[in-house]
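This is the structure I have questions about; it appears just below.
Letters A, B, C, D, E, F, G and H mark the chains in the order given here, with residues in each chain numbered from 1 onward.
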Amino acid sequence: MRELLDAVADGTVSPAAAEAELRGYATGEAGRFDAARDQRRGVPEAIFAEGKSIPQVVALAETALETTGRALLTRVSDPQFAALEDYIAETTPDATIDRHSGAVRVMTVDYEPPSLEATIGIATGGTVDEAVADEAEAVCLDAGATIDRVDDVGVAALSRTLDQLDRFRDADVMIVAAGREGALPTVVAGLVDTPVIGVPVSSGYGYGGDGEAALAGMLQSCTVLSVVNVDAGFVAGAQATLIAQAIATARD
Amino acid sequence: MRELLDAVADGTVSPAAAEAELRGYATGEAGRFDAARDQRRGVPEAIFAEGKSIPQVVALAETALETTGRALLTRVSDPQFAALEDYIAETTPDATIDRHSGAVRVMTVDYEPPSLEATIGIATGGTVDEAVADEAEAVCLDAGATIDRVDDVGVAALSRTLDQLDRFRDADVMIVAAGREGALPTVVAGLVDTPVIGVPVSSGYGYGGDGEAALAGMLQSCTVLSVVNVDAGFVAGAQATLIAQAIATARD
Amino acid sequence: MRELLDAVADGTVSPAAAEAELRGYATGEAGRFDAARDQRRGVPEAIFAEGKSIPQVVALAETALETTGRALLTRVSDPQFAALEDYIAETTPDATIDRHSGAVRVMTVDYEPPSLEATIGIATGGTVDEAVADEAEAVCLDAGATIDRVDDVGVAALSRTLDQLDRFRDADVMIVAAGREGALPTVVAGLVDTPVIGVPVSSGYGYGGDGEAALAGMLQSCTVLSVVNVDAGFVAGAQATLIAQAIATARD
Amino acid sequence: MRELLDAVADGTVSPAAAEAELRGYATGEAGRFDAARDQRRGVPEAIFAEGKSIPQVVALAETALETTGRALLTRVSDPQFAALEDYIAETTPDATIDRHSGAVRVMTVDYEPPSLEATIGIATGGTVDEAVADEAEAVCLDAGATIDRVDDVGVAALSRTLDQLDRFRDADVMIVAAGREGALPTVVAGLVDTPVIGVPVSSGYGYGGDGEAALAGMLQSCTVLSVVNVDAGFVAGAQATLIAQAIATARD
Amino acid sequence: MRELLDAVADGTVSPAAAEAELRGYATGEAGRFDAARDQRRGVPEAIFAEGKSIPQVVALAETALETTGRALLTRVSDPQFAALEDYIAETTPDATIDRHSGAVRVMTVDYEPPSLEATIGIATGGTVDEAVADEAEAVCLDAGATIDRVDDVGVAALSRTLDQLDRFRDADVMIVAAGREGALPTVVAGLVDTPVIGVPVSSGYGYGGDGEAALAGMLQSCTVLSVVNVDAGFVAGAQATLIAQAIATARD
Amino acid sequence: MRELLDAVADGTVSPAAAEAELRGYATGEAGRFDAARDQRRGVPEAIFAEGKSIPQVVALAETALETTGRALLTRVSDPQFAALEDYIAETTPDATIDRHSGAVRVMTVDYEPPSLEATIGIATGGTVDEAVADEAEAVCLDAGATIDRVDDVGVAALSRTLDQLDRFRDADVMIVAAGREGALPTVVAGLVDTPVIGVPVSSGYGYGGDGEAALAGMLQSCTVLSVVNVDAGFVAGAQATLIAQAIATARD
Amino acid sequence: MRELLDAVADGTVSPAAAEAELRGYATGEAGRFDAARDQRRGVPEAIFAEGKSIPQVVALAETALETTGRALLTRVSDPQFAALEDYIAETTPDATIDRHSGAVRVMTVDYEPPSLEATIGIATGGTVDEAVADEAEAVCLDAGATIDRVDDVGVAALSRTLDQLDRFRDADVMIVAAGREGALPTVVAGLVDTPVIGVPVSSGYGYGGDGEAALAGMLQSCTVLSVVNVDAGFVAGAQATLIAQAIATARD
Amino acid sequence: MRELLDAVADGTVSPAAAEAELRGYATGEAGRFDAARDQRRGVPEAIFAEGKSIPQVVALAETALETTGRALLTRVSDPQFAALEDYIAETTPDATIDRHSGAVRVMTVDYEPPSLEATIGIATGGTVDEAVADEAEAVCLDAGATIDRVDDVGVAALSRTLDQLDRFRDADVMIVAAGREGALPTVVAGLVDTPVIGVPVSSGYGYGGDGEAALAGMLQSCTVLSVVNVDAGFVAGAQATLIAQAIATARD
């Protein structure tokens, strides 16, 4: 601990990073950032941007970058993204910014991304499901997994689905996102022996719209699926990552 | 009209049948029976037995037999059926009684069943969907249609479904009953050019149980389906019959 | 197949159209377009514009035009429509554009529309139901059916309904759209022997608003109806078309 | 007040009746009975039997009889009714007991029923709605109104409804009970200038079953209706009675 | 009828008014206007403006003015109102326009408003309920009733309620509008013998917000109430008018 | 700790009691009993009997008695109670058993009940609310509080409520249980400065039945209330006890 | 009373304040202000600004200031706040304005704030819960309580929660606000003997979003909690204040 | 294939087993049994007994035993179990029958159970969650996994949870079943890096009862969880098995 405090004293470690290492979380202006989550949970804490003000989002990203060398944000709006870009350009201009629909990854130049020897398959039923799948993909990429992404293979035209069967079977774990009636994860899970995580998407309209029919259909599925909340791309990606990490660890 | 009243007077036509012919419905002890519905609507009025007392059910069946020569009852419980059998045995022992799960058809010996030159396909996802499909089948048979019935072809094991594709394509109209996530009508309707009527079944449990997930999934289907209420086998059968009659009429 | 590939090589057939013919769907920038649906299903794939970006909508329309000679879009917003018009004006200025509320039909000059010897009746309860009925009408027109449209005949003033009874009875199949309590399909279906498809409309307010009362009422109807989701004009039109095609085929 | 207490002292007035007159309610073993409600509200307090034990029901009936000379009970089960009959047979054998499905009226021999110069029309859609209408009828009869009851005139066979139009128009106020899609009150209210009170009935099944579709449909009605809760025959009868009393008073 | 047609021929009666008299409704550009409703139902047809375009609203108002000499519109937005004012200023500048929150009454100079010898009490729980009560008041005023309006007497400060008890008791019929928990109609109805119509208001937030708690509470009320849908000020006013008309007729 | 283990060795302390003292909970056959909850939380752990088998209930009661000298059970069915009585009669015949509707208190002869210098007021709207209030009363009595209980003072007859105002104002904290529209806690809380805890009761029927209207109404109340779940008499009693303990402690 | 009227006459007491003292409420332009609530209830009436027009909000604040020397407003929007600031600057420029997210306190210079010898703990799960907690804090501060506020201690990183345990245990009463799954109040209440009031926050998305999962979880909590509606910071603060006042009074 | 048919001919392979091998499913009296699911999916098809008749359950078990040497049934009622025991005793008396609450495993003497080198942790919140966890355990055992089961560690007494942390961390994948507020999976998943599958249990009462609060809470969890439907022990067990198989395969 003395070593760490010395490092704070001479400026090679920021106070936030030191606090994070000592207490497990860092107290910033916009709240406590769970910097130790990556180590404790295997997946980093993501900053859920929806409903937060622009200064809160930027401050939380700052704390994340200071303590872990990277930031992962979800449900980032256009104005939030613009402010974030400005902030990064000013403070750490050599950092990398990756945007996957609403999800944003920022990595400082010193950050060494992890590597994960496993393939996560991601499939979507239609064009409107892609933003949710992008969020899932961002967190899987962040963990270093290999991604095999297949879009627009909904069951209304079943041959589109069946054409991709070999790719589904080769993944270590599958994320399947679908809106409307949400039947794609059921059909896929009936044909592979990979664990499948269903992600209902808030498309649809009328009765069962906003993802409710898809959620209910996945929970009622006659095959074997586990499910995350409507549009919860981050959770699906993080859960798939945990499974992929367990597999990759066993491979070692 | 004079002729009819003369027939009532000499007993060859019952007062109920005469009232039905003159007013379009017959007033019995347990309510008004819509005896003219068959003529006006193409499908006979069915007696919905659930929630009615045994005497009410028997009295309505009596009126139906008197005015139209047959009775079609749905959601008949075991005690209601037993009472009906007893009543028929006593009053018209040569009548035919057909039971299809909860649906019951009674035909007097003089009744000339209609004939309908069209095939109605009926498919179910699993064993628990069969009682609902039986109710649909009863009303289609009552109209004289040819039935092509395929059970237990749910999408969890997709090859079971695909094996029957030719039969689905040969029907003039399809009724597809499925519970749980209710994906079968979507998959079938995506592969045929037959009109498909989806019937959600009140199986399932937890969130979306009691047929709600299946109903929502069918209403949200990315393919083209029309739908009836949960467990509404009678309505599905009657709607399929109306379509089959229109096709058969066009064939003449 | 060689012939087709030769045609691609000399430019008389686009790669997209060739892919569509060989695989059953075409892969464009904005997803897979199910070009074979028309042949497989009897109704063309419609492009559901809601929730898609303008470039996605235009790209999907482009693929549809290239592979099938026409495009049918639903739930098209004003900005999406303007972009589509611009795109058509630039690329295929002699194409025809028809707008029916949110539904849009684009036909190239070489496109030969089908003809369908059957009449589809369309009735609405009130002024607010007309946009949904327009969407249904667009798809029926696209299939070449004759349309008999009657607006504003809700049951609150029953004589408006009864005045149109003969027209309802003359149709081969009826689409009835109604919001609020949604009683019109029930009353109509009780008086005709035509198959009736009910379309609940998302009017209404308070308890049961947004089409829920209308949907529930149609599913509970004491008469024989099949139903589509709230505001699902496209599905109603497509289902009516499938029935009309079956009748027209039988007429031949 | 002295007079009243003297009457209690010499036994010509029961303590419960005295308490009721002085405080407005009587405290019995099973709770406070609102004996003054009749005077204050125009309709007597009914004893809602469902969910109460047999001794509670009997004790409340006892208090009602002691303080007002009659008792009106609703939702009385068979065992509750049997116990009540036994109690009456023992204690006031010359009292009159009237049963209208779940509603029960008990009147002592000295009780002078009120008279009300107004006609309350009561219509039902089908056989299953009759028990709820019976409950409404019981409270209207209790207030001395003339009842014009018409059963089984649901809109699925519209001529049954229209045949009774004159009777509906002659009533001072209408109660219309209907289950399933609950369209009858809407159709009736569109054709008469009588105030109409809709009573949804808990028939139906699947989506919108248990009276929800009927309730929603009546609340959404395009005509003018006021509504009571599902199966609330008592409330409908009492509200109709208050309206009838206002009319009858104006007639004087 | 000849007389009427002559009047059309010489221009003293408009074709729309003639059609309305002959058929019971007038067909305008924006739909059929139920001009005979006033006569058939006792309350005029109101034009529900929400969800209609400005030209539709103006066209319907035009038909109403032509056929009945007045127009009653509900849920009129500011832009709709401005357009209506412009239209009236241009076409019938001497007409009267009354606005009651979203409700608007237009009367031509020749229109002779009815008179109704009865008092309708209107009470609200709080400031946010007033717009809904205004809509009810508009339709009652339109029928010529006397209005006794009391605002802001919610039960959270019970003495505000009790202070007005005499006014509540003097009305012939009461309309009570309340949001949040909607207890005011229950408390009022427990204290008067007037028929009370409860109007739930879409205030409130969280669970039971948007008027659902108020609606449920009024339907569950232990006293005697009938209820209209959330924010249905027009329906409450029209139902109160029908009751008041019955009372006033009896007074004659 | 040695002392405790010695006591276990010589039998003066049971192993369960020792485990409870050392670990904070005792592991019995039917699960872990949170014996330290009383000390940690101020209220004892109650055994929720619903959904547990008879042996599980008895085993948990046994562990509670062994470790704390008393047992508090809620939602005890008749067969569960009978088995409990038999068990107590056999094993600790001198224990006291108190039953308050579904709630049961068992105290060994050595148990010294606590004393709490505070008054908890408990009011109910009607007879059907009493069982829930009994459960609340049981836990308050268990903590030694003084109870002031007033039943059957629902707002339909407001004078019954207002008559008890002084008692409501004298309590340190109030529990108010009401079903149907659940307005009683709102009216009471508007008139006193005591903290009021509302308990919705699962009476009622139709829309908002099963306590939903009451829960929603209490959550939406315009006055100041906190609320527990439907029928959660135990939670209300325990929360009132915690408040009463804080007041009593401050009194010392 | 004469004294008061004299004071009105000579202008030292405003008519509104006099009315408030005599009748318990003051009638302003925008409704009745319950000026006596503070005295009757222990907490002042707050002006719920949402859904009110700017003039209504300003007028109600004016009445509050005139009659009680301060105003407490909740759910104040930015434009409403700006108008209020302008009004105060013009009329009572030396008044103090405190803003706590949507809650606003205005105090005239003569106003003597109360003092309350008790500590109210306020905890939040995350950044998005803070605005709701701010509203609770405003009303507690208004009553003079000491506040111990701890933000951002959600259970996803349990050590953040456990680190604050001593502060939670030292409070006299706790308010715990949490969105998403709302588990924080359960975990806190399981560890302290303080009364805990849970406030569900309308964060979250998909199934159970908008605070429904949090509300349901708090109502189902296995520990002892009472709950207020979603986002009802004011109610939580007021209820905590009533409890704190009871404790402080007992301390005297 | 000839070999197989020869084996059928000489009776060493049953026709059902041959059909299963050739077509992937076997057609029995009670439906098609998906005998190939084990091979295709990694988990065997379970027979969902709820809602099936006793003969259907027995017939499906017979087909399962004939084709795969074992049967796994879920939601088996007592009468279904008794019939199954009788059937086994008669036909294959040396088979093993294991019952885990509603789940039943039958294994013929020749059946060689698989072995799976991975540990599945199973935790429950309370006694009422155990039956659901038993069902999950049955399917995991059936696949040969090692089970580490910890019961009754709900978060109301947090130390019970934290005491088991090491065991949770040592599992390869965790199943956590909890009813009421369902917070246990959230707390566990926040502390481990194992994939956690949450199983909501249908305990609880009132708002959010029947597992809805638990389901919503798990879907809203701030940590990383995937979820199955309420009481879906089988699905949780099968999904955990698929994950464990992937890990075990990687270990090889």
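The rule is simple: contacts are C-beta pairs under 8 Å (C-beta built on N, C-alpha and C of every residue); 3 or more make two chains touch, one makes a residue touch a chain.
The structure presented is a predicted model; accordingly, all values stated were derived computationally and were not measured.
Taking the definition of touch as given, a chain qualifies here only if it contacts chain D and chain G alike; those chains are E, F.
Shared contacts of chain A and chain F, meaning chains that touch the two of them, come down to G, H. Here the chain-to-chain distance from chain E to chain G, counted in touching steps, is 1. Listed candidates were B-H, E-F or A-H; the one reproducing the E-G interface, defined as more than half of contact pairs identical by residue number, is B-H.
Two copies of one chain, chain A and chain H, touch each other, and the residues they use overlap strongly: the shared fraction of interface numbers exceeds half.
Chain centres computed from CA atoms place H at the largest separation from chain E. Between the CA-based centres of chain A and chain C the separation comes to 38 Å, rounded to the whole angstrom. Averaging C-alpha coordinates per chain places the centre of chain A 50 Å away from that of chain B.
Annotation for chain F: residues 126, 156-157, 190-191, 206-208, 212, 215, 219-221, 223, 229, 232 touch two or more other chains.
Every pair of chains meeting the touch criterion is listed here: A-B, A-C, A-G, A-H, B-C, B-D, B-H, C-D, C-E, D-E, D-F, E-F, E-G, F-G, F-H, G-H.
The touching residues of chain G, when paired with chain F in their complex, are 40-43, 172-173, 189-195, 197, 215, 219-221, 223-229, 232, 235-236, 238-239, 242-243, 245-248, 250-251.
Interface of chain B with chain D (complex): residues 23-25, 30-32, 34, 36-37, 40, 50-52, 56, 60, 200, 202, 211-212, 215, 229-232. Those residues of chain G whose C-beta lies close enough to touch chain A in the complex are 126-128, 151-153, 156-157, 159-160, 163, 203, 205-208. The touching residues of chain F, counted against chain E in their complex, run 125-126, 154-158, 180-183, 186-187, 190-191, 204, 206-209, 212-223.
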